[in-house]
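The same chain A turns up in both complexes below, where it pairs with chain B and then with chain C.
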Partner chain A sequence: MIEVSQTPPLNTVQDLGRFGYRRYGIGSAGAMDRLALAVGNCALGNASGAAGIEFQLFPVMLKFRVDTAIAITGADCAATLDSLPVPPFWVTPVAAGQTLRLEAPKTGARTYLCIAGGIDVPEILGSRSTQMRDGFGGLSGRQLQPGDILPTGSRPALRFRDSFGFGIEPPDSALPPNAHDWATDSDIVLRVIAAAEHDQFDSASIKAFRTTAWTITPQSNRMGYRLAGTSLKRSDPTEMRSQAIVQGVVQVPPSGQPIVQLADGNSAGGYPKLAYVIQADLWRLAQASPGRTLRFALVSLDDARRARAEQAAYLKDVSRMSGYCRSQVQA
Partner chain B sequence: MSGRITILNQPRVTYCGDQGLLLEAAGDLELATQERIWALNEQVLEWGGVLDTQPGMNSLLVLLDPDANDVTECRDRLLRAWKEVRSTARKGKLLEVGVVYGGEGGCDLVDVARYHRVDPAEIVKLHANAEYTIFAPGVSPGFGYLFGLDRRLFIPRRDVPVMRKVGGVVSIAGAQAILGPPRKPDGADLGPTGWHVIGRVPDVPVAFDLARDPMSLVSLGDRIRFRVERIEK
Partner chain C sequence: MSAELHTIATLIDLLRAHNITQFEFVSGSTQFKWTQNPADQADSASTERLADDPRLTEVLSPGVGMFVARHPLMPREMTAIGDSRQRGECVALIKIGMIYRPVLAPCAGKIVKRTCRPGDLVDYNRPLFLMQPNAA
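Here is the complex of A and B:
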């Protein structure tokens, strides 16, 4: 069990998301940076769908009530375990009574805590993710509050080769930044696939989308990111019917400023769609905080497939390396 | 604001990035087409490697496991299946709700009337005279997107979303109508919308409840009638 001693709002229990309930209009929810959650679970030897905690606001203080092991992934939040620093992307044993503190990250936006056996809140409609907009899943369908007690799944104890634990290669070193002709070093490049209404936009808008920088505005959260930049226009704007939409879709409302729908986004909508961020790049967006600039690089379905394969290979490597650093204690 | 709706001459299937496919039917928004969409939806759910599906207004989203499918092959298969699928007409159950039009709960009624250059009472009459069919799931569990809006009530979505009260709201936009679910006990009072809110159902039933069997009060194909409780200034 974990006791939440201190937490601001907006921190929730998440797994890889809830699929199969769109017929009710229920979107996926799930971790914004699914790669960070997956790599933490991999390193611990958890099932890939084990639930962890997504931290968006800080400072956070957690107290462990059992001897267990944790992985801290995602944004570097200067974590300390009983005042001893824990590096980012690190797996470590913890003892009952120890306190973990997380501070606001200097770069990146979201930190993840995975724990051996996973956070064991009830599975609702096939997932433990918190469905904030509908008020179910996670811990009682809500964000964490000070005083909450989180149950953890039972798992055989882990034995560590080194009592300080071990590091995991972070995704931004394993998966190098994407190429873009106009990007500067501070831009985050996202690979996109053209969407159904892409060709309805005028040529100046299409060019601006592909070449110019897009700033993430403060109106950006788990529902979606609103971007600021050149105003995008369709050559012949018509009213659209409402359709089902997926996370990563770049929609352009009449204001001309794009919106990217994300984990808690609408499951349906009627704004024209310009592009989709490929699945393998959604984690990059999840770690981009307001004020950062984005560039979009148009790629093919084959490129997207290769990017997914690279990610799968990275996770496999982490699993293999982690296996050398810890072993399961036989009962 | 534009005054026209996108209508396709041919059905099309487009890629939703590397996550799946979107099939859009050709022609005007119609019940017969939607009945085929529902039938196609049932079929596709039987295919291997399908993670989820969701009907839209004369459209169908199919989320695919990219490792279990050749997406290009699925695209052709979906279009073929669409051309062959027959409608399975379903006479859904009828739900009738009483609406307080206008007033604070339907504060856009006056603007909608002004847009159409008619009296608010005329808007109410046209809205309440129609019978609506639940075509597709909405943005969250509720009463879905409704088909059946009188063509004379067509009004484009707003360019800039506004904040409106939530809970049993009756709204219109484009050629569509919606009935919002009740406000959650600890939920927000207001929510952003690009739709025009023309009324409110004070005793709107609970649309979705995890503890109930079935969880959803309504199914696709069910019908809704709006009864005029009163019109407020």
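Here is the complex of A and C:
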């Protein structure tokens, strides 16, 4: 069990998401940076979809009530375990009574805590993710509060090769960076595929979308990111009927400033869809804070599949190599 | 551009790992030249002198791998000369494939010397730092 000693709002229990219920208007929820959650779970030997905690606001203080093992992934939040600094993307044993502190990250937006056996809250509609808008899933359908006790799943104890645990290569350095002809080193490049209404936009708008920088505005959260940049226009701005939408879709409302729908996004919407951020790049967006600039690189469906395969290979490598650093203690 | 930097960084790591001190590549209009700072090489003699000092404690590699001074997500190296460290604190990393093993301070004290360079391939028990333990 984990005791939440200190937490600001908006920190929640999340797994990889709730799928199959969009037709009823129920969004997927789930971790914004699903890759960070999955790699933490893989390193611990959990199922990749085990529930963990997503931290968006800091500082946070957690106290462990049992001996267990944890993985801290996502943004580097200068974690300390009983005052000993813990590097980012780190897997370590923890003893009952130890305290973990997380501070606001200097780069990146979200940090994840995975725990051996996962966070054991009830599974609702096939997921343990907190669905904040509808108030279910996670811990009583709400964000974490000081004083909360989080149950953890049972798991055989782990023995570590090094007493301090081990680190895993972060996706930022393990996966090849995305290329874009006009991107600066500080830009985040996201690969997109064209969406249904892509060809309805005028050529100047399509060119601007692919070549110019887009700034993430402060009106951005788990529902979606609003971007600021060149105003995008359709040649024939006829109003559309609402259609099903998914995480990663880039919609363009009448203001001409795009919105990217994310984990807590709507299940349907009537704005024209210009592109989809490929699933393999959503983690890059999840770690981007307001003020960061984005560039969009149009790729093919085959490129998107290759990117997904690269990510799967990364998770498999981490799983395999983590096995050399920790083993299950036989009962 | 960022993809090229990534490739160049990887190349420099490889050159260091194989003790190559100079490298030049020319292809068409592309030219790349790299020379290792001679100060890095001169360090080895002073290291040997320091290692003989009985007041100092060696920080040893936990296994075979590549010595990493800066975590890829951290803005600076994990340990600088003159830093004080607690016993059991992670001062650097040893990289093997996708995994990093921690290099831990064996005692509380001050780091006085780093005895290998980032990118070096190191063996088990190879001294990586020298520490001045705190007075008991």
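In this section, the second predicted complex is superposed on the first by the 331 of 331 C-alpha atoms of A that agree within 3 Å, B and C clash if a C-alpha of one lies under 4 Å from a C-alpha of the other, contacts with A are read in each partner's own complex, and residues count from 1 in each chain.
To be clear about the criterion, a contact is a pair of C-beta atoms (placed from the backbone, for glycine too) under 8 Å apart; a residue touches a chain by one contact, two chains touch by 3 or more.
Not measured: the values here are computed from a predicted model.
Visitor: Taking chain A as the common reference for superposition, should the pair chain B and chain C be classed as clashing or as fitting?
Guide: Because the two structures are overlaid on the shared chain, the partners are seen to fit without clashing.
Visitor: After the superposition on A, what does A:276 contact: first (chain B), second (chain C), both or neither?
Guide: Once the two structures are laid over each other on A, A:276 reaches chain B alone.
Visitor: Which partner does A:106 contact after superposing on A: first (chain B), second (chain C), both, neither?
Guide: second
Visitor: With both complexes superposed on chain A, which partner does A:165 reach: first (chain B), second (chain C), both or neither?
Guide: second
Visitor: For A:213, is the partner it touches chain B (first), chain C (second), both, or none of the two (neither)?
Guide: neither
Visitor: Who touches more of chain A, chain B or chain C?
Guide: B
Visitor: After superposition on the shared chain, which partner residues are touched by A:136: those of chain B (first), chain C (second), both, or neither?
Guide: A:136: touches chain B, not chain C.
Visitor: Which holds for A:36: it touches chain B only (first), chain C only (second), both, or neither?
Guide: Touch status of A:36: no partner.
Visitor: Determine the nearest approach in Å between the Cα atoms of chain B and those of chain C after overlaying the two structures.
Guide: 24
Visitor: Following superposition on chain A, which residues of chain A contact chain B and also contact chain C?
Guide: Correct list for chain A: none, the interfaces share no residue.
Visitor: Considering the complex alone, what residue numbers of chain B touch chain A?
Guide: Within the complex, chain B touches chain A at residues 1-6, 12, 14-20, 22, 24, 29, 51-61, 63, 66-67, 71-72, 136-142, 144-145, 156-161, 173-176, 184, 186-187, 194, 208, 210, 215-216, 220.
Visitor: Name, in rising order, each residue of chain A that touches chain B in their complex.
Guide: Residues 19-27, 124-125, 133-136, 192-193, 195-196, 237-246, 248-249, 253-255, 266-270, 275-279, 301, 304-305, 308 of chain A touch chain B in their complex.
Visitor: Spell out the part of chain A that touches chain C in their complex, as residue ranges.
Guide: Interface residues on the chain A side: 76, 83-89, 106-108, 161-170, 172-174, 176-177, 179, 183-185, 189, 314, 317-318, 321-322, 324-325.
Visitor: How about chain C: which of its residues touch chain A in the complex?
Guide: Per the touch definition, chain C meets chain A at residues 1-3, 5-6, 62, 71-75, 78, 86, 88-90, 93, 95-102, 104.
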